[in-house]
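What follows is a short report on a single structure.
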Amino acid sequence: MMTLQEIKKSLFTSLWFMFLTFPIMVIKVNTIEKTIEWRWERMAAVGLGAFVLSFVWRYLIQRKEAGKKRAEVGSEDNVPLIPRLMSDRRFYMPGLMATIVMVVAFPFVFSLYQTNVMITALIYVVVGLGLNIVVGLAGLLDLGYVAFYAVGAYSYALLNVHYGVTFWMALPIGAALAFLFGILLGFPVLRLRGDYLAIVTLGFGEIIRLVLENWNEFSFGPSGIANIPKPGLFGLDLSLQQSTTFIYFLMIGLALMTIFVVRRLQDSRIGRAWIALREDEVACQAMGIDKTRTKLSAFALGATWAGMGGVVFAAKTTFINPTSFTIWESIIILCVVVLGGMGSILGVIVGALILILLPEYLRAFSEFRMLIFGVILVMMMVFRPGGIISDVRRTYKFEGLGNKAENRGE
Amino acid sequence: MDYFLELFLGGLTRGSIYALIALGYTMVYGIIELINFAHGEIYMIGAFTGLIVISVLTLLGWNTVAVIVIAALVAMIYSAAYGYTIEKIAYKPLRGSQRLSALISAIGMSLFLQNYVLLAQTSNFLPYPNLIPEFTFVKPIEHIVRSTEIVIYIATALVMVGLTVLIKFTRMGKAMRAVAQDRDMAMLVGVDVNRVISFTFIIGSSIAALGGVLVASHIGQVNYYVGFIAGIKAFVAAVLGGIGSMPGAVLGSLVLGWTESFFTGYISSDYEDVFAFIFLVLILIFRPAGILGRSQTDKV
Amino acid sequence: MKAVLEVSQLTMDFGGLRALDHIDLEVREGEIVALIGPNGAGKTTFFNCITGIYTPTDGNMQLMPAQGAPVRLNGLKPNKVTENGMARTFQNIRLFQNMTVLENVMIGRHCRLHSGIPGAVFRPPANRREEKQIVEDSYRMLEKIGLTGYVNEFAKNLPYGAQRRLEIARALATEPFILLLDEPAAGMNAQETKELDDLIVRIRDQEQVSILLIEHDMKLVMSLSDRIYVVDYGKRIAEGNPEAIKNDPAVIKAYLGEEIDA
Amino acid sequence: MKKPIGRFIVLLVALAMAGLMLYGCPQQEEKKAETAAPAASAPMAAEPIKLGVAGAHSGDLASYGIPSVRAAQLVVKQRNAMNGISGRQIEVLVEDDVCKPEVATNTATKLVTDKADVVVGHICSGATKAALGIYKESGIIAMSPSATNPALTQSGDYPNFYRTIASDDAQARLQVDFALDKLGLTKLAVLHDKGDYGKGLAEFAKGFLEADSRAEVVLYEGITPGAVDYSAVVQKVKRSNAEAVIFGGYHPEASKIVQQMRKKGMETIFISDDGVKDVTFIKVAGEYAEGVYATGPVDTSKNPIAVEAIEAHKKEFGEDPGAFYLNAYAATQALLNAIEKSGSTEFDVLKKTLQSEWVATPLGIIKFDERGDAIGVGFAVYQVQGGMFATIEM
């Protein structure tokens, strides 16, 4: 296993990292006091750590390469585990039952905090599924998706402040406004390609945030809007615990609806057109698909979900200000989609759960939280570049004429 | 007229700073089509390394121009090493996967590096000594432009000339262009693609480090987060100029710098960034591949 | 016979370069017409112009469907051209790689159907019927082209010849009355070319489609075509039946140095 | 292919479950324990007092949140070394909110679930507002070292909120009065950093100036924080002929602007706020800081507690403390003092104690009014003189 060569290699790696981290890890200067602190023990730690980790790294890379080769040779049981399990009724039914029980029992079994975090994760499931339409299906890289989220959140908050609009009325209004914004913003930019589109959408996201920040008369500026009412339930007076549980189930409902709609869209004429557009724009047009309309529909529909997510977001936090809608937010949502596995609904759900729950559970590491989060992002991508649930786009499977064309499920 | 000139020079300063970062962005993008989100962090690490070197040398009793030169050189070497290592760890294993995966990896790297410096050094802002000498010839126009700014202009110009020479006239430059155009083809004709990519990261990172040291000297402070904002702006500048094109990156940066400066000067800095982004959108609507980018039509 | 496609004085400039120089061309009902010429003569540019991918500098292009008024193609977007009944394939295969063979053909049906977002979400009976119909129609199309064996494969996993045929199937699914084939035989072996020859004739006869093709394989061109147009340096240098073209001095001159495989 | 994925998923599920167990179960057990023995609800001597510290500990605003954590840790360490509060040790629960409202609600529920008795935080006004409702529901008092939004204490919506910093309007009033009465200025530029702290302050300053006939606001602008160069704004100030700049924001931007102004030979007076009245500002801006005015709590440099607090920080962390360190130090002391004096962590008792008991802090000897603002933190104007903040007599 451990040949001399490998040890040599690891030694070199370890030396390299000791060199690399030398100034920042070892020397701590205090330019104010004009003192230097030398922390040599750290160098030893880095060296030792790098030495050990380089073995792990090599092992993992080798394993990944081996896996790739096996896949190239093309064994039949290439279908990933989860879809395979799901297609087997023996596993599927009990699994489904267990999931349902777990989901229903969650807010009663776990603490307020757990429920609260789960609500956040569910909001990201909904919003992530929306972005999945844009990025995963239609292949349009949108780095300013958070703009529509902001539109939803602010439309509820502002309508509530000025006109006393309730949550239930704001939900469709927020969605509609986001849809409208999607069309409005999409129209001029959708002829741009790839990364140019990405940067322009990033620009739009920032524009919306900056306007919210600067235009006090409209949006109350950086001090935000407080005391946004939580969603009402027939005028009942709910305690914090109860209203959290209520929002939880509301989000479960919304998430299920989103999954339902996105699934149906994906398997429809429109959904196929989105995927085709992602695959090859020129050929797509030559097949009679209206590029602009198709792109716009993906963009606006994606925005709609962000709008809805935004309304729930405002209701859940009861306070909003522009700091919740920075580019980092767009990036996190994008990570949800890519990490989970682009284009896959299950993937987005898993991605959202991981990305939102992970930093929360990493709280135990307190100040190392975001450091570890960064490392995990890199590692996940390096070792599973296709996302966690990859290659399971459902495809039309033909099973004979006259029969219903059945789909191979996710 | 004085006011105009002042805004013009202010814009030039901003533009030159963006350019030093944008060049690295655009080079990396040109070669592997990756938005290297961690590039801003490389710039920040460069600034920090420079600060550490300056402090150590100052404490040893040095106090000459040599200090800043050595600091800049060490910062460039270290940033290059970081760039090289990051590419090997976070991007190389992802070659051939979807481009978005590499983007997420870059974002993860960016988060990691920010927090690495935050934890290993400090969350506080640190003062950055300005060791760039005051040139006597600047004295009469000191209220308009400072020596540091002049050094930034000169550095940017030199870097640009140097890069142009490198790309146009050296073997490595030729190889870089070949890889940028068609990686597989370049590999077939015997270009060592891995080496070219590493080299690109090294050059891009060391330019960013130079920028880091100069900018930090100019604004007099540094913390772990300075890279992110500057990085985003520089990326916008690179796209504005036409990503992948080096003269484009410089031109885009200058245009962005002037846009911001004049907008602030004549209208309002409240909406400075809003305007910068709207300007970007407008330019891209009329020139979908940026100012100097060649619009690529699909070969059908 | 009635013309279905009429192109007159088509000119296309790229910067200072004139890629097409006042080209006239006509395809009549039920005809197989070939467009040939040396590499870089402007054949694919011609296709790109009439299908709306490029906007020509000058000239007139018109489609004449069996029923209804003629449609002027100038300024139409590619998808509109296809909607109006002219479909095409590509020289460098442009399939939707990560979709199955069946799905590729289903995309071709897109422009003939109309179910929108509400239909997709609520799936009313009409929509279900339409979806079922798409699958069946697409499968039938695969039967005609002989690709049923691959129906659930990803397009990228198909052998080369099958990919070319899938492009034809996909184009046919848009229900064109004129089909443009850009080097359909490129990269095929003799056996496959022979099959393609049969397939094209069969398509013409069964589907009542006129065909305009670009091809380098002269044997195929000569055996298939009713008429042939020859272009060189963007100019039309000859037109006529295979026999006439074979003996045309201008054509021989253009191809001098190039092998004429006939 | 199959095995690694399988293992991966299993690992993932296991991790998720482990996480849930870790966080869910202890709490469950506690609940059970409570129901089994009601007597346990009375504080036992061994049970530690839990002090939550919430604020931005990562991300772009970490430099304003981390000093609070350190302040709380140092105070608690000192207390615990002296046998805690009547024999009960104090435990610090540090939770990050990145200064974002949505994260703050998670942070707050986490602290509630972890049974925090009192909370020092949050740092940003927005995050504080989002979190307060959750604390209120659970009867937890939160004391912020840095949330200055006036509505927090003036609206009456947040009875459980206290702070050891002046609200925006109070500080702005002081700045304006100083500028007009003491300095006799007539033309002022008001700048801010577009954040909820800086812009809130600047809005008030502008309002007060406009209401006063003696002076005029010749320029009102938001600068972009983190920009690499501020020369355009500086030139604009120069062109506006303003005699002074009132700046709302934090010290990094303040020092950049001051440096650029001074380097361009401008002598414009610079007046700023508590976010700038920080040793780091002087150290960073160096010679250019000379003459800058900043408002802040009275008397900190001569206050022995403040001196001691700063020394303790230097000893422990090897650097000067960051922004709002003293405010957080005072907040922690005030909270712990109230717990000690009242012998309880009950909401009403604690509230009463906070409002009645004076406590010696680095900011002076303070107690709180019924709205939650500190009484006894005299606010004063300082000027940087010879590398120190020197009090200016009004």
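Brief remarks on what is shown
In this document, chain identifiers A, B, C and D correspond to the written order of the chains, with residue numbering beginning at 1 in each.
Here is the rule we use: a residue touches a chain if its C-beta (ideal position, glycine included) is under 8 Å from a C-beta of that chain, and two chains touch if they have at least 3 such contacts.
Just so we're clear, the structure is a prediction, and the values are computed from it rather than from any experiment.
Shared contact partners of subunit B and subunit C, listed by label: A. For subunit D, the chain whose average C-alpha position is most distant is C.
When every chain is represented by the mean of its C-alpha atoms, the one lying closest to the mean of all protein C-alpha atoms is A.
Centre-to-centre spacing of subunit A and subunit D amounts to 32 Å, using the average Cα coordinate of each chain. Subunit B has its Cα centroid 29 Å from the Cα centroid of subunit A.
Here the CA centre of subunit A is 42 Å from the CA centre of subunit C.
If each chain is reduced to the centroid of its CA atoms, subunit B and subunit D end up 34 Å from each other.
Contact of a single residue of subunit A with at least two other chains is seen at positions 28, 31-32, 35, 214, 282, 367, 370. Counting partner chains per residue, subunit B has residues 115, 122, 126-127, 270, 273, 300 touching two or more of them. Residues of subunit D in contact with at least two other chains: 58-59, 194, 222, 280, 283, 319-320.
Interface residues of subunit B facing subunit A in the complex, by the touch rule stated above, are 29, 33, 35, 45, 48-49, 51-53, 55-56, 58-59, 74, 78, 81-82, 85, 89-90, 93-94, 97-98, 100-105, 107-117, 119-122, 126-129, 232, 235-236, 239, 243, 270-271, 273-274, 277-278, 280-281, 284-285, 288-290, 298, 300. Interface residues of subunit A facing subunit B in the complex, by the touch rule stated above, are 16-17, 19-21, 23-25, 27-29, 31-32, 34-36, 42, 61, 64, 135, 141, 188-189, 191-193, 195-196, 198-200, 202-204, 206-207, 210-211, 214, 281-282, 327, 331, 334-335, 338-339, 342, 367-368, 370-371, 373-378, 380-383, 385-387.
Looking at the complex, you find that subunit D touches subunit A at residues 1-2, 4-6, 8-9, 12, 16, 19-20, 22-24, 27-28, 57-59, 94-96, 99-102, 104-106, 109-110, 112-114, 124-126, 129-130, 133-134, 137-138, 149, 151, 157, 194-196, 199-200, 203, 222, 279-280, 283, 314, 318-320. Partner subunit D is touched in their complex by these residues of subunit A: 28, 30-33, 35, 37, 63, 67, 70-71, 75, 77-78, 80-82, 109-114, 116-117, 120, 213-214, 216, 221-224, 226-227, 239-240, 244, 313, 316-321, 323-324, 328, 353-354, 357, 360-361, 363-364, 366-367, 369-370, 384, 388.
Considering their complex, residues 58-60, 62-63, 66, 194, 221-224, 226-229, 231-233, 235-236, 239, 251-252, 255-256, 259, 263-265, 280, 283-286, 319-320, 322 of subunit D touch subunit B.
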